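By letter and in written order, the chains are A, B, C, D, E and F; residue numbering begins at 1 in each of them.
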Amino acid sequence: MRAKDIMSTNVATIRGSATVEEAVRVLRLKGLRALIVEPRSGNDAYGILTETDIAANVVAYGKDPKQVRVCEIMSKPCIVVNPDLEVEYIARLFANTNIWRAPVIQGELLGIVSVTDIIRKGDFVEQPKVIYIQKELEKAISEARAISAKSGITSQAAIDAWEVVEALEAEAYYYGVPKPEKDAREEFSEELRPQIKEMLAIGK
Amino acid sequence: MRAKDIMSTNVATIRGSATVEEAVRVLRLKGLRALIVEPRSGNDAYGILTETDIAANVVAYGKDPKQVRVCEIMSKPCIVVNPDLEVEYIARLFANTNIWRAPVIQGELLGIVSVTDIIRKGDFVEQPKVIYIQKELEKAISEARAISAKSGITSQAAIDAWEVVEALEAEAYYYGVPKPEKDAREEFSEELRPQIKEMLAIGK
Amino acid sequence: MRAKDIMSTNVATIRGSATVEEAVRVLRLKGLRALIVEPRSGNDAYGILTETDIAANVVAYGKDPKQVRVCEIMSKPCIVVNPDLEVEYIARLFANTNIWRAPVIQGELLGIVSVTDIIRKGDFVEQPKVIYIQKELEKAISEARAISAKSGITSQAAIDAWEVVEALEAEAYYYGVPKPEKDAREEFSEELRPQIKEMLAIGK
Amino acid sequence: MRAKDIMSTNVATIRGSATVEEAVRVLRLKGLRALIVEPRSGNDAYGILTETDIAANVVAYGKDPKQVRVCEIMSKPCIVVNPDLEVEYIARLFANTNIWRAPVIQGELLGIVSVTDIIRKGDFVEQPKVIYIQKELEKAISEARAISAKSGITSQAAIDAWEVVEALEAEAYYYGVPKPEKDAREEFSEELRPQIKEMLAIGK
Amino acid sequence: MRAKDIMSTNVATIRGSATVEEAVRVLRLKGLRALIVEPRSGNDAYGILTETDIAANVVAYGKDPKQVRVCEIMSKPCIVVNPDLEVEYIARLFANTNIWRAPVIQGELLGIVSVTDIIRKGDFVEQPKVIYIQKELEKAISEARAISAKSGITSQAAIDAWEVVEALEAEAYYYGVPKPEKDAREEFSEELRPQIKEMLAIGK
Amino acid sequence: MRAKDIMSTNVATIRGSATVEEAVRVLRLKGLRALIVEPRSGNDAYGILTETDIAANVVAYGKDPKQVRVCEIMSKPCIVVNPDLEVEYIARLFANTNIWRAPVIQGELLGIVSVTDIIRKGDFVEQPKVIYIQKELEKAISEARAISAKSGITSQAAIDAWEVVEALEAEAYYYGVPKPEKDAREEFSEELRPQIKEMLAIGK
């Protein structure tokens, strides 16, 4: 599942020159938690104004929302999400940068994705990434072993197959799966060693 | 406006021994963004599990929510809010601790208050705290000056009145209002000085 | 051991309108490391002024402590500790919020608890929490197994006993004890399985 | 000046499955400070491995770079920069997220931009943004005043001109220029007031 | 006042291989808040173990202090303070790095300085740095003006005198004193301008 | 390898009273990434101005570098590195304090060491610290066992030998090597136990 599958398209924009009072009115009226500050021109950056920006910078200091402009407290440039970004990556990006909603942009503004969207619409319960990768990895290892057995360990097919294994291992380590003493290819090579020795002995 | 005026009473609790899968199911079913982990006994502390805890610790690492327990990723003890805490203070507390929702507790669990409640239900637009304090301060200064004029600057009534002024000044500085060179009482004292001198001169 | 057992009752309060010079004088006179800023009225929040607040905001900028008010640099609302909070929880709360002393409040101000109190008066050396929980857990497991054997695994007594086990497991995971592949009840169920099968076979 | 004007196109990529030893070899050989981890497929995200990632996660713990994979310590998804992002925005983005280099991507990987590029190649010394905006603002105000005088303050031309003023004011506030008591349009309106009153009086 | 004037010489050291239980025993026995971990050899670094390290890493996780070694939770290398470092600089260093005690070292371990030493023994109340600098600055400006008047603005003596002014201004800005539109030398130069013009006119 | 082996001696200094424009000119001219702010007198502290300080405080806010002084944005006192500090410790210090370059000072300014120097010139690839310690540890254990066997476990030589083991174990734990259930000496003692018992039995 990707950003485009879980994002909300109920998005409102605001000018940086608007007051925070106007922003609050829009947030309340539309039941939103953030507003996107649109670029002023083709080359300008996107910004975002969230309810936490308002709480931390206006409410916490008892300031008059009519006297504060959006441009003073917004985050600009804001971190943007590609519509094809996977749910797990969105969660990692949010956790690393301590933001919890971001506009989804590709050429134009497509929607907004939040931590609530991840929890409510993500498929991480039905399809936990690590379990999926581990299954894929097992399959890829069997395949690589089979190909190596059939076409020889130095064949291009075997090399390609072991590369798939390696990439899946890398993905698993990225998700925090503990790295074993030996990776799959090393283990396979070591199993082969006595056979190879034997073969060499026979060949003599 | 206080926590009890803006909090939501739509609260769900969960045991620390439940799985994250169960927690997600409750969050989705009830349309919530956090669950309260109730104390195990009278003397135990409250905990909280928010959607950001799940995103950062489970989704971002592709973990299986069936294999992770609430107790592994919850915040416990969590920061709690008194039902009488004012909206501005809640916002300040949230901003200082980087949390954005907290249980409202007094003896028992009364509700949950979030940054969304602050923005949607707070009266900070209609009644900005600093403007309110500044008006109160002006009133208090006039009063203190009037009482000082009538009963003398060393009368108990005047001392009390200037103490009210001082407390309001302190509150204004807390909210970030810039401190003037001289506070109201000093300014008043300096205005009096020539008069006092004159009086002393006359008295000669 | 709880907050009330280790807290110091040697507490001094100060008004938010006092100068930092006055605060330093009290800290020096009474040999304290923090002062509590009392609420201005029944509904107001507690604040705290610590020596690190003064060092970071006044000394580090060479400011005149006579020109800075307590209200400008205090933390308010401050995080408060319940007198019944256990020492381990106080340490966790302090570590999570990066504060190292807090007022102990229940209705009224009872004392102040600091990281020094935890280290000097806590019983964490004599009674490490994890070791205590692990012993309790072993006991609870034996009991649950015994009850299950005697009254049947589906009896209310057994269900209650396994719930005690689960709660202790949750507490252990909270303290960072690594979660085993299977929890105690699962392990027990799996041990039973062949017996049940056999019984079913006999029953045929 | 924009990202594309200051970025370096001397970029090297690495697979997530490579060891940190291989990464260090490439960094040394090519005199680079970061490597880009290319997406594994069209929909995958970009990652980055910087010299600080290696120092903090491998060197500081005395780990063997041959035993650690890039995927274990890289940042993925990484924050990416649009080639048209202005230098000031890049600096703000870097400061807000505490990263100091990022890939420049538009459809494909175009280069890498770092804080060193900003300092060495940026035009912020010759053309400080705030000074530029203030000049533009003055010009826009004169123009808006002139148009208002000529075509009337309620003409579309005047409304458009004041909108340009407002947008430039917003940009100035964003850069931290202190907000005046009254913005340019308000000031102008207040200057007009007596004239309008007079006109109305004449009109009677 | 400098580190050597306020530091405590009541210092205890511990080996990195000692258990946390031993460390707690020493802390309690000697009434200390931190222990210094001495270098193992001439070229090794100093470390520090504070009560907050123990609270955050051992107590908060209910760990057995007999099972945790000092080397696992100490900070090493630790930030060290030069005996000649001024109190204001110590406070700034502590605030910037969020540490609140550090060993004072010059060749050998001389003592330990903490935020409590700063507050209790510092002279920041009697001698606020900014007020001191401002007085020095005023004196230096008068002197520079006098020398310029007497020996001419281009004399070496005047140049030297204005350099002293500039250095004091720099120190004031460092402490956060707001920078005026024009610095003292510019202001002086501008005052001179009409006189110079006049002189030139007379000279005609 | 130590700071002095990897540091750069291509260092430039600047006065705190210089403008940021001057600093940028020096950085560009000399191809540097930081400048050292020299102490104003024998007892003053060192400061540092890095390119990230300029990007975050000047460029990101569009400020005019001619109007900002070095003293306003530099870090002073800065963290300094001893020329004998080992590469792994430098990396740890940098990671803990989130700085990535520091002056190398011993009495006088000797050079500057950065994360780039660590990656480019460090020997952490050829000589990973943990592997080195583990080899040393194995050797020390054999030696301690041999000495214990020869001279008796209570001989001074044995005690000294086991202390070397303990110190190496401590260093390994510091680098994050997981602590075994029993340390080397305990294990050895337990192996001895039956032999001792036997000897005692024989002795009977």
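The definition used in the following text is that a contact is a pair of C-beta atoms (placed from the backbone, for glycine too) under 8 Å apart; a residue touches a chain by one contact, two chains touch by 3 or more.
Because the structure is a prediction, the values reported are computed rather than measured.
> More C-beta contacts across E-F or across C-E?
The comparison resolves to C-E.
> What whole-Å value do you get for the distance between chain D and chain F if each is reduced to the mean of its CA atoms?
So the centre of chain D lies 35 Å away from the centre of chain F.
> With centres defined as the mean C-alpha position, give me the chain C-chain D separation in Å.
That gives a centre separation of 43 Å.
> Which residues of chain E are in contact with two or more other chains?
Correct list: 92.
> Touch as defined at the top gives a ring of chains. Read it off for me starting with chain A, then chain B, then onward.
So the chains, read around the ring from chain A toward chain B, go A, B, C, E, F, D.
> For chain F, which residues count as touching chain E in their complex?
Residue list for chain F touching chain E: 2, 15-17, 40, 42-43, 45, 67, 69-72, 74-77, 79, 82, 84-86, 89, 92-93, 96-97, 166-167, 169-171, 173-174, 179.
> Inside the complex, what are the residues of chain A that reach chain B?
21, 24-25, 27-28, 33, 51-52, 54-56, 58-66, 87-88, 91-92, 94-95, 98, 100, 115-116, 118-120, 122, 124-125, 128-133, 175-176
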